[in-house]
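Look for subunit A in each of the two complexes below; its partner is subunit B in the first and subunit C in the second.
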Partner chain A sequence: MSTEGQPFPFPSIYSFPPFFTRQPNSQTWTSQLSLWSSLILGYCRYNRIWRIDLNTAIEWDLFSNKEINRSLKLDTCREILDSMVKKGNAEWVSGSGRDAADKNLSAIIFWRRPEEWANMIADWIDSTGQRNAILTFYEISDGDLSFSQDFRGIDATILRKALDILVRRGQAQIMRSADGEVAGVKFFGVQ
Partner chain B sequence: MSMRRGVGLAAFDNRQRAAQHYSDLGTSILSTHISELSEQLRTFQAALTKFAESHSNEIRSDPVFRSEFVKMCAAIGVDPLASSAANKKSGSFWAELLGNDVNDFFFELAVRIIELCRRTRDENGGLMLVDDVRAYINSLSPNRPPVSHEDIVRAVNSLAPLGHGFEIVKLASKEFIRSVPQEMSKDQAVAIEATQAMGYISIPILRDNLGWETARSITVLDDLVAAGLVWVDDQAKPKEYWTPSWIKQV
Partner chain C sequence: MRFWRPIDLTSASRPVLLLHEVIILVQDGIGLYEGRYKVDLYQSGRVYLTTHRVCYVDNKFAATRSVSIDLSLVTRIQFSPSLLRSSAKIALFLVPQAHLSSSNAVTTPQITSPSPVSAVGNSTAAALDQNISLSWVCPICSFANAIKVSELDNNPPPCMTCGVRPAAAVLATAKIEYLDKQSRSIPPVQQAGVVEIDTGFPCPRCTFINHPSLRQCEICGAELVSQNLPPRLLEQSALKDDAGYSPSPTPKLADEEITYVKLSFRAGGEKVFLNKLKTIIQGRQWDSASIPSSTNKHHHRHHEQHFPRLGIHGLANMSAKERHQTTELMGSLTDLNSLMNKAQEMVALAESFAVRLASAPGVSIEAREALLQSSEALSLSSPIVMREVAGSQDELFYNELARQLAEFLDNGVLVREGGILTLFDLYALYNRARGISLISPKDFYKACSKFEALKLPFRMRKFQSGVIVIQEAYYKEDTVKGMVIDYIKQLCTEQGKQVGITPQQVNQHFGWSVMVAQEELENAENSGQLCRDSSMEGTRFYLNFIVSAHTSDGIHG
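After this line comes the complex of A and B, so read on.
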């Protein structure tokens, strides 16, 4: 990417101090939610971030503008992510099994929908002549052939979702080893 | 010493005749004037038509030229947008002169303004700076000739016959498009004007600059929040109330 190395260009709303306060007016809040949602998606896409864990992400410049000394509260953050989950732009990841308070702190961000990833992977399989090949998940996300692909380094959960879509379409099959572990995926041509 | 008073019966005839003569003379002067004026008007209309025809491209594409032309028309009492369908079969003055292009230009612009105002209504409570609307519309279609401030104002005013809803309001010597037909109280308008100085207002700012007591300020600020016209910044001490028209300027 030509933009590599440069910091994310924040939109002007990011410098608007009240943007970091949850607006009491419900209509304004609706608009604020959608502004935050597109900012988060744009930020994650730009920096190729697949997951947001609010335990640490709350400190990111995304949620905290040092220049104007404003930052988003954790509860507001969570509410924003929750609205993204409802719109299908994110998904909560159940915490690492600790307690209920940990819930809804970590989310996968779909800066592309799983369907889009599925299409992209299917196109890549076609264009690189890998039909009928069996690939490991690692080869898809980090193999030599996927080096310049947008799904480079894709989060395993998102990859699995995209592959499940291809399986449902009859374009792929998940291969398991003898002990039932997922070993890889076999692709068929587009039918 | 006797004065000729013309009291005989013939005097009536004389007076009537004189009045008749005056009236005839008046009529003839008037009709000369009318024919001269209508001749001038015809000449003028022909000239205006010729001008508009030969400059139709500039009128369409150059906002400065268009604005000057519209101003010139306004100065001589021709409203280019007013439909003359009532007294003529054909459409408006613009439509006659230039085909429907220029007329359509303003109506199309009005539609784009309505779309923009509706889409951003949640964000700004239905109050948008004319200049922001202009900048936004021009940024959307960089290949089109830019529209001017006057074009926007004119397009919004052309919506007036459709009833309440869209109007230009002037606050703190800036022009806004108001797209929510809700009354703004005097206090609210004054408070919004005050936001234009620094982008925000607060209870102390209203007290120091307008002499409002806290209760009055709270009422006005709460109303502005309820109308979606300001955004609250809780992290400022004391709380600040920001105008969304400031978003691009911070």
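After this line comes the complex of A and C, so read on.
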């Protein structure tokens, strides 16, 4: 999928210095937020990035433009992700009981919505004739058959969300092992 | 107007002063009279009492209705306090020949203007010029009031002396009398057609033929009515019989020699004005053109002597010492006064140098500028406005202060600052120019807030951060924003890319102070026209490419 070696083509706004400053004017800020949101989604889709951990991500070329020597502040970055979470384009991964400052540092980016993933998996099951088969999560994300699929290497959390949607539709069922852990998923196919 | 002459005004509608002339007092709400009659259109204005003149500046039409009268023409002052509803007045009796020499006296359509009445026989009330003034006699105080024909029919003004409104019959009489007088004043050629006038008037009551110049019947005392009066006037004259009183004789208007003018004080303040006026007239400053500066020559050191401080002798010594200190204090105050006089001389000298230098070729520009600035630093072009000038009226003081500030700004101060100046910068500049008797920030602020009300070409603007600036009135917010944005666009096209500017650049380009520049940039940012780029190098302002990129969805392009 990803064109190896070729970096993400950044839009022209990326080299506009004020783009990296949080704008005090609320109207400008709204525009800025939505520009950033589409930039992040585009960047993640291009590079197949499933989650952003702000501790490391702040160093990425996404958030800092070396050419114009500008980079986004961590607070501003968090604010942008926050707005994406509100719009349903991302979700915070709750920190494992650490202090508040470390909270909201890692986010899953839905560059496709869970519903879209669910549809895609269902179509894939249909087209590969795996109805009524039981698959492990690993087989879906990293199995041989899913090699050329868009959801190759999908983040476990997103996959679980997509499968939950299929379960709700009655198209799949989560199988658990004897000790209660999720072992795999059985697909029923479309009635 | 026979005595009042037009005067020049400054840009801030204050009279241009003569050499050594100083404004002593300003009084608002003044109406002018010549003789006993109001001068039309000159009924609401400020009067500046200076050492040389009394200047009237109209509140609404300052440019056209500003006149003055020289105090040197005044022979006598008469004060009449307010009575019932008439305001207090000060009458200035003038040298009789004063108006003869005045070739450039103001002329207004007035009492003496001839009417288009050709003959009594065919003149109607409608044919009367609406601007002609008639006179009517108040039946209560027997004062002869002037009234316009146009005011006769609807809501005539009350008597000027006692404030009682006239009955319709009284006004009708006035009109008849006026027509009567016209009939007598028309030239003989025109009068040939109405010969029967000479035969006299028959009395309407006893039919006695009276002499034409009589107004009342010689026999029975009834009012005489001209035979050729139009029917409308006849009806009105009939009303007169019902009124049941006979008015006292009316003085003739045009024949009267006006020997005085009056100022009517509608807003009070007449006492202070009168006192000042008396002092000025006694002082006769216009005679002594320049006041000799009287430096304290008798100032000599007082040798301290040690006397016993006990007993009566000691007490006497103490009081003598105190007296001496007081006189010394007074002496130093005189010194201060003479210093002020010297300062004024210095200003005059600097100004004369400036004028000479401006015309002289071969003088370096630096020298000119230095001299110009020094003369500005020395003083204002006009004498400073003191609180005493306006007496106890705060409003008037602020108005005058605002006018002087406007003159000060107009002198090139604002142009040098790029058209925008913060309030405290102006405060410092202005107080430095005043040199002495500085004004308080509160008074200053009040004066500045008067700019718009007085229609001066400046206005005060408050930024969102609370900074207040004074700027030219045509510098609307959008104009300033437009100037800044045009400047950035110009830079962008010059360099071929998006360029941000700092407040310092704006300061250098427009000459505004950095603070004002910052405020203006933030103002444009608040309206969404600019956006900021904060980095280690400081804050730069760019055209708002963010919003335009968002609306045109440039990110996918």
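The rule is short, and it goes like this: the second predicted complex is superposed on the first by the 190 of 191 C-alpha atoms of A that agree within 3 Å, B and C clash if a C-alpha of one lies under 4 Å from a C-alpha of the other, contacts with A are read in each partner's own complex, and residues count from 1 in each chain.
Assume a contact is a pair of C-beta atoms (placed from the backbone, for glycine too) under 8 Å apart; a residue touches a chain by one contact, two chains touch by 3 or more.
Everything quoted here is computed from the prediction, not taken from an experiment.
With subunit A as the common reference, the superposed partners subunit B and subunit C clash. In the superposition on chain A, A:R70 contacts both subunit B and subunit C. Of the two partner chains placed around the shared chain by superposition, subunit B and subunit C are both touched by A:S12. Once the two complexes are laid over each other on the shared chain, residue contacts for A:S38 go to subunit C alone; subunit B is not touched.
Once the two complexes are overlaid on the shared chain, A:Q27 sits against subunit B and subunit C alike. Using the contact criterion defined above for the overlaid structures, shared-chain residue A:Y138 touches neither subunit B nor subunit C, since it reaches no partner. Clashing C-alpha atoms with subunit C appear in a single stretch of subunit B, chosen from 128-136, 146-154 or 182-190: 182-190. Of the residues of subunit A, those at positions 12-13, 16-21, 23-25, 27-28, 31-32, 35, 69-70 touch subunit B in one of the two structures and subunit C in the other.
Residues of subunit A touching subunit B in their complex: 12-13, 15-21, 23-25, 27-28, 30-32, 35, 68-71. Put simply, subunit C touches subunit A in their complex at residues 498, 500, 525-526, 528, 531-535, 540, 542, 544-547, 549-551, 554-557. Of all residues in subunit B, those touching subunit A in their complex are 120-123, 125, 200, 225-226, 228, 231-236, 240, 242, 244, 246-248, 250.
Contacts from subunit A toward subunit C in the complex involve residues 11-13, 16-21, 23-25, 27-28, 31-32, 34-35, 38-39, 42, 69-70.
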